Amino acid sequence: MSPAILLLLALGLGLAGWLAARARAWSFRRAKPGIKLAALPSYHAWYVALWIAVPVLLFVSLWTVISPGLITQSVLADAAASNLPSFGFQRQMILNEARNVATGAAPAVFNPDAAALVDPYRAAIARYQWIGLAVTLAIAFMTGVWAFLRLKPDFTARTRVERAVMGILLAASLIAILTTLGIVVSLVVETIRFFGMVSPLDFLFGTHWGPDPMANPEVPDGSRYGAIPLFWGTIFIGAIIAMIVAIPLGLMSAIYLTQYATPRLRAWLKPALEILAGVPTVVYGYFAALTVAPAIRDLGFSLGMSNPSSESALAAGLVMGVMIIPFVSSMADDSIAAVPQAMRDGSLAMGATTNETIRRVLVPAALPGIVAGVMLAISRAIGETMIVVMAASTAANLSANPLEAMTTVTVQIVAMLTGEGSFDHPATLSAFALGFVLFLVTLGLNFIALRVVKRYREAYD
Amino acid sequence: MVTVVHPNLEDTDAKMQARDVSVYYGDKKAIDEVSIDIPTKYVTAFIGPSGCGKSTFLRTLNRMNDTIPSARVEGLIELDGADIYRSGMDVVQLRARVGMVFQKPNPFPKSIYENIAYGPRIHGLAEGKDELDAIVEKSLQRAGLWQEVKDRLQDSGTALSGGQQQRLCIARAIAVDPEVILMDEPCSALDPIATAKIEELIDELNGSYAIVIVTHSMQQAARVSQRTAFFHLGKMVEYGRTSDIFTTPLEKRTQDYITGRYG
Amino acid sequence: MVTVVHPNLEDTDAKMQARDVSVYYGDKKAIDEVSIDIPTKYVTAFIGPSGCGKSTFLRTLNRMNDTIPSARVEGLIELDGADIYRSGMDVVQLRARVGMVFQKPNPFPKSIYENIAYGPRIHGLAEGKDELDAIVEKSLQRAGLWQEVKDRLQDSGTALSGGQQQRLCIARAIAVDPEVILMDEPCSALDPIATAKIEELIDELNGSYAIVIVTHSMQQAARVSQRTAFFHLGKMVEYGRTSDIFTTPLEKRTQDYITGRYG
Amino acid sequence: ACGGNGGDGGGSRDSIRAVGSSTVFPFAKAVSESFVRSNPDFKSPIIESIGSGAGISEFCKGLGPNTPDIANASRRMKASEFATCGSNGVTDIIEIQVGLDGIALASAQGGITMNLTPEIVYKALAAKPFGKEQTTKTWSDVDPSLPNKPILVYGPPSTSGTRDALKELVLEAGCKTNADMKALKDSNEDEFKTLCTEVRSDGLYVDQGEQDNLIVQKIESNPNAVGIFGYSYLEENADKVQGLNMNGVAPTYDNIASFAYPGARPLYIYVKKAHLNAIPGLKEFLAEWSNVWSKDGPLAKLGLVASPDDVMAANAKAVTEFTTLDGAQLK
Amino acid sequence: MTDAAEPTRTPTRTAAFEKRLQQRYAAEKRFKALGLGAVLFSVGVLLFLLVTMTINGIGGFQRTELTVPIDFSQSGIAADPVMMEQAGAANSLKAQGLPAVVEFYAVKALGEAGAEELSATAWRDVADAVIADPQTLSSEVTFNLPASADLAAGYSGEGSPELQALAADLADKGVLEKNFDTGFLQRADATDPQAAGIWGALKGSILTMIVTLLLAFPIGVLAALYLEEYAPKNRWTDVIEVSINNLAAVPSIIFGLLGLAVFLWIFPSYRSAPLIGGMTLALMTMPVIVISGRNAIKAVPPSIRDGALAIGASPVQVVFHHVLPLALPGILTGTIIGMARALGETAPLLMIGMRAFVATPPDGFTSPATVLPVQIFLWSDEIDRGFVERTSAAIIVLLLFLLVMNGLAIYLRNKFEKKW
């Protein structure tokens, strides 16, 4: 029986329990008019419904896992299965095909061997369907009756149901921890494997990056895994070039929007900035690769360079900077808004002009928040992938010339992992080590930044 | 005119003159046709129950309510005979001439020195470091703060106590050499000892500047001011010598307020 | 015990009894060993200067301060002789029996009907729509709001005027048929006319419910209550018949407060 | 990575998966499209371009739904790879040569033109030409007759068959022009391989990932750059890029078909026989290849050079009879 | 504010002060202009981007087609309606020589050279038309068939001079033109830009987003409720809070690594499937929903909670009857923004294989698929001029979706802002 049907069954049984329990609770009332139930009838109903639905759901999930195996076993026991090929995968495929036909998932068999198995499959499926159904009903009945018998006028059903609800809420918030753990574990495990092949010193301090995915994984060459050029490229593009664009423009935008723009103008310009923030990075990447990079190359020629790169760090950095503008602007906006009005009034009352007030009072006062915002922006920029994948290079250069090609950590992660990740080669695993470094760095930046912002906001409250 | 002006109020030089001033926040009238002369040589106190418009009116005097988009001023306000709301009026200059001290001390999050030096610097009042140092010292001295802070001018202004902060704000206002100083409940965030210091300071400054002080404490008004205006529901109800207002109020509302019947 | 209880206070049925109740916010003691009987048939007023702990004490009576994580209650509070802080006490039941009306009217942003019907619904007080309709009508009538809103029960509760909203909140509290009604400055956000209506309402409800009202207006306390407790700095200073407290206060602090010396 | 058929994780798969060469990729895509339109009952094959080497290594991981059915390769499978396959249970492999391709060296239309030889290419690209330090920066450093333009070559990464072909057909050939190196081949094969096939890593040779398209884009925008990619891309983009002569021979269809151009090489697909019955449509997919690979077929339009007639006939047979590959034939 | 240059200003201070004042006002003006410049630059980039994409993209919604009249009554091809219902219909038509018929009429209408440049799969369009309506076989019908990519390029003024000339020639004859390509929104990826469509990727995106929404929304809302309303203040809840705040800032590619290392390890056979993509993006979106959800919940005034508690509602009832309904608009706004971000996300999906070439739209959550942004990425690598236009067209489709989503979020926010 398909899980969907069992699911519906569970819900149906739950509903039945719900209705029965509610009727029961009402009957207490009718039996003794004026009696005050400890909980509303609907809570009695939910109590019983949960007691039915949860065990049934547990059983159903268990059953969907084990019943295919049971079915297959009983089919294999059938005479028609005796001449199946011995090779596991092919046999599995034939069985699957037969099962698909038997369950109606496929119209007909491709493989004649499978045809003979369709009927045994049908029989087995039907048999186990009945078994599953019977067990489901039995469970529902037992738990349902047990819960039902506990209903009394003074039964505190609400507290119990609410406890279940709280459990669900708690479980939902634990997913966040699980995710973080999942990230850390998946990164750490593979990173440790990588460092088993390549020394962390080579990785962190080497200056030559050129993993060879075809090299023999048994004899990894540590000298090919020096990640310094990647770190440099990442910092150069994300933390230097992009920030040179994003910080002044973002800050000035925030200042203009909060201090100068009329409400009408702001009503138009702010959403425009928000849209800029909502443009997917792949579009920026396309824009960088198609429009900005060639323009920068032409610029390189006009500067007399003999051979400017068409995937210069500058192109990726500039576009990334534009992408970050709205982010910096909104962070700066928040920080400036957090400076008490009294500061602004104090300065204006001294006869300062608006820009003097902004430059000498508001911005210095908001500085911790702005710096934290910039840190978040940097963490965003160095983790950004698509722009650099599309517009930066894969060549690991250690250079300070923005017109040269450079690569970044994220570009290399994508390069090493697109396609088949075979988890036993240092080239593939290096992506996880890079990811781990990236994770740690962005985590550090975020952590500090969030702390600063929080402490600093509290200071003015 | 709705205001009762005490008859035995002698004529003095008026530093500022308000004539039929009304202030609106959007559609709401917060000040209703107030006319008053701010004398050059005295301390004028604005008193009245909360929300009666004291702060609002005070802020019209140096156009600080320009910063509130919804605020709108009608009527005439003159400083030395020149309309401060005329088009072409230079607000920056106006505010340099009409200083302001706020209810909650609001030193800039900079050093004490920088707090004072800020005004002279933006207005270019000092040439060179020495002059600036001199201005800072003089202002702090006038504000009675010099002795307390002279050894720690580089400490942050926010590190001072509340009373010291407020005196710092007064020193800051003095530093740009204003002609009028407006104070909006300058002591309401302070303890009695700090309050006493500020009152002392106001006494000292009296005569050098035209001073307007908003206060919710009648005792304070009685102590520091020579003129008192009583506001009620956006109107100026009564105006006169402080001693007259407190001893022989002419209006029932004033009397009720002074005797604590409402507020 | 620190409280002075007026000697000629006759014994009445006590609906609630507090014995040596102290309340802490973290380390700070906000209520200090207060003992009081809340009579079944009268209106009891809590008066005292701001911050003296009136609201805090009121909220201990229906355990609304459970919602403040730092709050901690010591001592004994009984409702009909049963400790309301005992473990196993069902707070939900307690609050259904001890209703509360807040300083600022806080109707739910739902229809007027739903505002009233919410309580009976979650407590299962009505079977079917008819009964519920009846409860809603009765509650609104008791709160003196029926005439004004009967034609627009589906309008939002927030669309009413402040005074109507407050009466709606009282109706909402009545709808779950409580035994005690606690009111924390129910009129402080209202104009005099709305205040008068609420006071009238309290008069009408008096006798059917044990009512406790916190107020900062001595006039109001005098008008609506039969018992008054005066709080000061977390202590209950004096307790007695309202008429006695206002005419012959036994404690100096009470007298000072009543004559407007502080507060 | 997960073993066996236990539970749902092993699951089944009902669409064909082919991974590997970026050179074969456009042809495989076209065949897949054609296959889907002719056989709407089957699901669309999933084709990924990850390079011949990576494709074969993935292919050889084992049998089952989690491994690909087909490896596309722009070079022949190596004996070592065949052995790995065998040790993982992938023993019956059908090898199908689907056509020919040449590695073309090309520049933008109107860009740099040179008459190259394997020796020049070797000297310009080797990490250590003839065991000496790589010092060349411009083409004229390599050979004075060449233009004085900086060396900038976009080429295939080490996972690709094109790179292998570059090594074998061009670099090694160029390397062997030196007698010492030729001698080295017999004395120390490993050393020879390193010196002759290792590509410089100082940024003048840019390894462009598995995207021959990108290489075309890059050289199109840079008249001084040289790209190395499959002939099919040259043919596809004839309006944008021009082939560079090698030994005086231009990379054209005919020169490749006749093996006159030094970079000519066959393209293959490798199929797991064990999957033939298991994956619906796999047989039909192979048949589709043979339907379209002829000289005037749709693949030719995409730049595939058809195999010589005899080879084509033999492979057409392999497609219908599923003859398996004999490891002994491989190098 | 007053104008500095106004001459009526009476000098009241020293001349130096006056002069300085002029400079200060000039500085003020410059500063303001700088600020406006910064905003206008950003808006300008946005407009430039949108305009470029639109100009390029218009072509992407079109297809270069050749007009070929075919007289089936002469063709000898037969089709009985029953057979046409079946799957192999196209093959049967092929076997009956339909491609040859098409070619014959193409040569007739376009000449040898022109017929060469009919797309290799053009006959399939004819077959589709015949299958849709077998009656066509008895009449003469004029088809607009796709031209080859080369001829399309030639028509756009690119490619070899010969083809450009041929295209001009055919266009003069009125048999070559660009038409709106309805198929673009119905087909999946293809090698030939003339045959490529966006529906496969769009459907992949939709399926992926469904999974993301179904996972991230309930989990995010429940977690937000727990943290904001019930969580005791202790180390555990601190850990949860810190993890959520940090997750919101973790680079998306790291989520891709997680998906690759965890989800694909558990479900290896669902590589490239929307199910895995949706799960990965859900983890990324959940923190966004939690954070915006918490803010929305925080904005519900405590007086509402007090009111409900005071008539005896339990904490769970307070939340589900009052807080949640009131916070819902805010939560939805956050959800839409989070979903919009997920919809535009590319990098994590590259990690889990959603970049394979699949020629048909996915037919379920577990069948291999690609998504819009990945499709854009893949097409952007194609050199063919046709793909440049298709890429821009795909970007327009994606941006339209995002604009609608963001617009909806802004609308919701404005509509429900400050209700209290």
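For this structure, a couple of remarks:
Going in written order, the chains are labelled A, B, C, D and E, and every chain counts its residues from 1.
We adopt the following convention: a contact is a pair of C-beta atoms (placed from the backbone, for glycine too) under 8 Å apart; a residue touches a chain by one contact, two chains touch by 3 or more.
Predicted, not measured: the structure shown is a model, and the values here were computed from it.
Number of steps on the shortest path from chain B to chain D, with steps defined by chain touch: 2.
Common neighbours of chain B and chain E under the contact rule above are A. Comparing the centres of all chains, each the average of its CA atoms, the largest separation from chain A belongs to B.
Legend note: the chain whose CA centroid lies nearest the centroid of all displayed protein CA atoms is A. Chain centres here are Cα means. That of chain C falls 58 Å from that of chain E. The geometric centre of chain D is 33 Å away from that of chain E, both derived from CA atoms. Centre-to-centre separation between chain A and chain D, using Cα means, comes to 36 Å. One inter-chain figure worth recording: chain A and chain E are separated by 19 Å, centre to centre, where each centre is the mean of the chain's CA atoms. Contacts with at least two other chains are made by residues 92, 122-123 of chain C. Each of residues 158, 353, 356, 418 in chain A touches at least two other chains.
Contacts with at least two other chains are made by residues 1, 24-25, 314, 355 of chain E. Pairwise chain contacts present here: A-B, A-C, A-D, A-E, B-E, C-E, D-E [touch as defined]. Note for the complex: chain A touches chain D at residues 65, 68-69, 87-90, 92-94, 96-97, 110-111, 113, 208, 210, 212-215, 293-294, 297, 306-307, 310-311, 393-395, 397, 405, 415, 418-420, 422-423. The part of chain B that touches chain A in the complex is made up of residues 62, 64, 67, 69, 92-97, 99-100, 102, 104, 106-110, 118-119, 122-123, 169, 172-173, 176. Across the complex, chain D meets chain E through its residues 1-2, 9-13, 15, 25-26, 28-30, 32-34, 36-41, 43-49, 65-66, 211, 213-214, 216-217, 220, 236-240, 298, 301-302. Taken together, the chain C residues at the contact with chain A in this complex read 90, 92, 122-124, 127.
Taken together, the chain D residues at the contact with chain A in this complex read 1, 4-5, 7-8, 10, 12, 19, 48-51, 53-55, 57-58, 61, 63-65, 149-150, 152, 157-159, 201, 203, 206-210, 218, 221-222, 224, 274-275, 277-281.
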